[in-house]
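The chains carry the letters A, B, C and D, assigned in the order they are written, with residues numbered from 1 in each.
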Amino acid sequence: MNALNTERIRRDFPILARTMRGGKRLVYLDNAATTQKPECVIEAVCDYYRNHNANVHRGFHQLSEEATEILESARARVADFIGAGSPQEVVFTRGATESINLAASAYGAAALRPGDQILLTVMEHHSNLLPWQQLARQTGAELCFIPGREDGALDMDAFQQMLSPKVKILAMTHMSNVLGTINPVRQCIAAAHSAGARVLIDAAQSLPHFKVDVADLDCDFLAFSGHKMLGPMGIGVLYAKRELLDRMRPYQTGGSMIHRVALRDAVWADVPYKFEAGTPNVAGAAGLKAAIDYLEAAGMDRIFQHEQELVRYALQRLDALSGIQIVGRAAHRGAVIAWHMKNVHPHDMAQFADQEGIAIRAGHHCAQPLVVRYGFAALSRASFYLYNDRHEVDALADVVEKTARFFHGL
Amino acid sequence: MAFEDLYREVILRHFKKPQNFGPVSDEEATVEDENPTCGDHFRLRVELQGDRISSIRFDGRGCAISTSSCSMMTERVLGKTPSEARAMISEFLGMVQGTCDPSDESLGDLAVLRSVRDFPVRVKCAGLCWQALSKALDKLSA
Amino acid sequence: MNALNTERIRRDFPILARTMRGGKRLVYLDNAATTQKPECVIEAVCDYYRNHNANVHRGFHQLSEEATEILESARARVADFIGAGSPQEVVFTRGATESINLAASAYGAAALRPGDQILLTVMEHHSNLLPWQQLARQTGAELCFIPGREDGALDMDAFQQMLSPKVKILAMTHMSNVLGTINPVRQCIAAAHSAGARVLIDAAQSLPHFKVDVADLDCDFLAFSGHKMLGPMGIGVLYAKRELLDRMRPYQTGGSMIHRVALRDAVWADVPYKFEAGTPNVAGAAGLKAAIDYLEAAGMDRIFQHEQELVRYALQRLDALSGIQIVGRAAHRGAVIAWHMKNVHPHDMAQFADQEGIAIRAGHHCAQPLVVRYGFAALSRASFYLYNDRHEVDALADVVEKTARFFHGL
Amino acid sequence: MAFEDLYREVILRHFKKPQNFGPVSDEEATVEDENPTCGDHFRLRVELQGDRISSIRFDGRGCAISTSSCSMMTERVLGKTPSEARAMISEFLGMVQGTCDPSDESLGDLAVLRSVRDFPVRVKCAGLCWQALSKALDKLSA
């Protein structure tokens, strides 16, 4: 497998040519928050609005036909990309957060009884935590949390212990957006299934970075966001097994998701439309399709390989700095690194980085319980993608060192 | 031109004067179905005698495409066995969806609906009654 | 007030230059479904992705600052455009459908007791009907429907009769997407308030076409979609009075809408963020702001005037055709016309129009109970906007006549 | 350069060695507040004697900006009346939000935080303790 040509890839992303405050070149290392967009994705959105824009379905005119074809071919492309059995298993949402809310509400509410358990991990993003807190409150189910080990890996022994017929839902992240840990979801899913539980995988941080195949994983639900995988904002996906979708009640209601409506009742449309109330974001779907095309052309395996090399190099550079503590040391990990530098608050770290044109993130990263679990209120985080290179890792390490010197020297 | 094909004389004739068309009450209906894109509504009454479709009648009206498709369908399947009818259903649906290309002979008049495949939204119109027939046969054989 | 320069306006919309099947020029008369986008809106979306894209809030780097500024200035622009007291009363959603679902769920669920009444009209879009059906089922409240008169106006006498202390919510459309009727919402709101009810206005079809001011109307909630007012898909708004938002529970939960999170509970953020879980559609907000700028530059009063002239002319042309029945004859109306032509099914009507490059819609227009109420299963509909002109009305009338002749001559 | 202003010596001195800083238990705290963007957490204990702030102490640490702002604030409001302190709060918040421009004399050391206004996200950091003080005064006067 030949390596990714990062130099050529960078040219596809207009924003990477931007000059930041003080004339600095942009070094974008906030990819876990959102990724930049290649020109082909921006162009797909524009082309949709310039040439094909219309409301989908029910329209007999040519533009409506074209818009419908764009939406449905994007759905088929997503299905193919994630290995779904059929496009009907792909529900378009606004993003991972909405996907998880949909699953928790439309599946969870009917599936849980008081005393049942919902199993999560301590490393969940708020978006895969709060909807289950709400659901637990609503149904009387109990929340249980698979603990993390000191190195940031999941405690699989504890997980095995926690499985029981009481567990009805396991909802877990495929990859932590703070620790970088890639969880052994395949194994977890199999174990949860044996215990009789359904499994939702939060793939917001995994699917953009390596091949994820729902048939191989055998997960029941999978949630992710377009904007974290080179796609536009405002589009995301909930994958679910057909048999579950068929059984689930609708989530939001309104136009497009019905078969027949009377004043006092209605018959729902078939899946996936039953879950897509209102005018869909066709431009977003067009952009997501272009993003998938781009990712596959680059090669998911090559992207993962590239990021593995970057993260190894970044860890090596950062580890060489005194006073630094990397939070998250799991062996199987993606290209997200969180750290704490002695005597330097992450806000100040991010501000110093920004001064050099380097975009990193500071705070609890929407995973407050996790950050607290590892003994902090806030951490600094750098996260990489296919367009990042070793020079950028160097720039990061340099600014971390410079900032540390500044504050240590006080 | 596909458009002209869509409104060929035979289609219009069936639209104007549908065959085997007449009131089907709620109780008589073997199935009812509707096109959710527009609310068009069909009732179909199918009877078997021995292993043949001995009577078929429909009620409710849709557009030129759905009405003529239904009218032609009723003519075509009358007297056929359920399994012959099922073969016709999949042949017809395959034709309008563009997944197969049956010969004109095997289709008869229905071949005029081939051009529907160029108009994705109309595929539903043309296929509606055929799907209803399929459900009706399921019901009668249950 | 000088008239709209339609010719110049048309040049701002790239899609209007498109050639359709058979070499025909596009005549886009499906504006009630979705509107076309001027270049400045497309450009605002592109510019966001090419130059400023980042995740908002919590970000200390320059791109995140810029993206936050773009999102919040769009919010302020919306607040200003609709006359809201503060940007905090503007909640970004995916569209009108989600806005109404949000209000029904986050406000309605807590506000209703068994036996309470929810008042709607017979002319609601499914998106302002089904969420209330769901809510009624969930709370034991009763749905009541203000009837329509033969001419398509609301039966205001019946409305007055229906008001009682039992009515807790009035949810009604400002303008019907089928009949074109503009409802006297100001009067209805005042009457409903006197009876102690809260009022949601579905402004999806009104706000794009004439000035709507929430302070003047004194509505409690107002819902609309960006894509029906020249803006991008995937962005919409729920306006609500601050005191209501403060009291309401969140709708979706996840990242961005929290103040503090622990494993088993959470404290919500202030409004409007409490209602905006997950990564917002910043590009969509940027586009919506550009759309508002464009609309205000054209002038909402001028737009309304222009559409009034078009619809008068269109009614005059269509009325001259034999066999036609216009459904919706209210005196106060917008530029939406629905009709039935004897012996011509609306599907066929739309297909004949499409053959001439004319985009109209056929069906129940997501208002099935309304269409049934007026005695039909389906209707044809043409809907106009600021870029439409009299030539297009002529083209429409010509094709309606031609189609009628074709089918009558059989 | 705004950035250099942001990390001027006086700020760093207060960050390194905050004034009126020391443990405040849950029971002692007049208010606690936190910065939801990062989870930074402050506890503030304020006491009045007669109509003067006779004692003020804070606990919890944030970034250089929030810590130094709090440290300078405690120095500044000690011995002042609540209404004097309130005037300072609105003066300071106005300055960092860029809505007013108080003179350097009236601000003293705090004037160094003026450049925060060029960094929108840091406005929250700088203002956190002042908002907490405002709540504390409300509480004490209630």
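What we mean here is this: a contact is a pair of C-beta atoms (placed from the backbone, for glycine too) under 8 Å apart; a residue touches a chain by one contact, two chains touch by 3 or more.
All of these numbers come straight from a predicted model, not from anything done at the bench.
Participant: Could you run down the chains that neighbour chain C and chain D together?
Facilitator: A chain counts here if it touches both chain C and chain D, which gives A.
Participant: What is the chain whose Cα centroid lies farthest from the Cα centroid of chain C?
Facilitator: Of all the other chains, the one whose centre lies farthest from chain C is D.
Participant: Could you quickly compare A-B and B-C and let me know which has more C-beta contacts?
Facilitator: Per the contact counts, B-C leads.
Participant: Quick one: chain A and chain B, Cα centre-to-centre, how many Å?
Facilitator: Taking the mean C-alpha position of each chain, the two centres sit 46 Å apart.
Participant: So the centre of each chain is just the mean of its C-alpha atoms; given that, what is the distance between chain A and chain C in Å?
Facilitator: 31
Participant: Any idea how many Å lie between the Cα centroids of chain B and chain D?
Facilitator: Taking the mean C-alpha position of each chain, the two centres sit 78 Å apart.
Participant: Can you check how far apart chain B and chain C are, centre to centre, with Cα atoms defining each centre and the answer in Å?
Facilitator: Each chain's C-alpha centroid was found; their separation is 37 Å.
Participant: Multi-chain contacts in chain D: which residues touch at least two other chains?
Facilitator: Within chain D, residues 37-39, 119, 122 contact more than one other chain.
Participant: Name the residues of chain A that each touch 2 or more other chains.
Facilitator: Expected reply: 58-60, 64, 258, 260, 347, 351, 362-363, 368, 372.
Participant: Can you work out from the touch definition every pair of chains that touches here?
Facilitator: Listed in label order, the chain pairs in contact are A-B, A-C, A-D, B-C, C-D.
Participant: Over in the complex, which chain B residues touch chain C? Could you list them?
Facilitator: The contact residues of chain B facing chain C are 1, 3, 6-7, 12-13, 15-16, 37-41, 61-67, 119, 122, 125.
Participant: Could you pull out which chain C residues touch chain B in their complex?
Facilitator: 22, 345-348, 351, 355, 362-364, 368, 371-372, 377-378, 406-407, 410
Participant: Applying the document's contact rule, which stretches of chain A touch chain B when the two form their complex?
Facilitator: 57-60, 64-65, 68-69, 258-260, 269
Participant: So in the complex, the part of chain D that touches chain C is made up of which residues?
Facilitator: Residue list for chain D touching chain C: 34, 36-39, 119-122.
Participant: Please name which positions on chain C make contact with chain A in the complex.
Facilitator: Where chain C meets chain A, its residues are 14-15, 18, 20-21, 26, 28, 30, 33-34, 36-37, 41-42, 45-46, 49-55, 58-64, 94-98, 100-101, 122, 125-131, 133-134, 143, 145, 225, 227, 232-235, 252-256, 258, 260-266, 277-284, 347, 350-351, 353-354, 357-363, 366, 368-369, 372.
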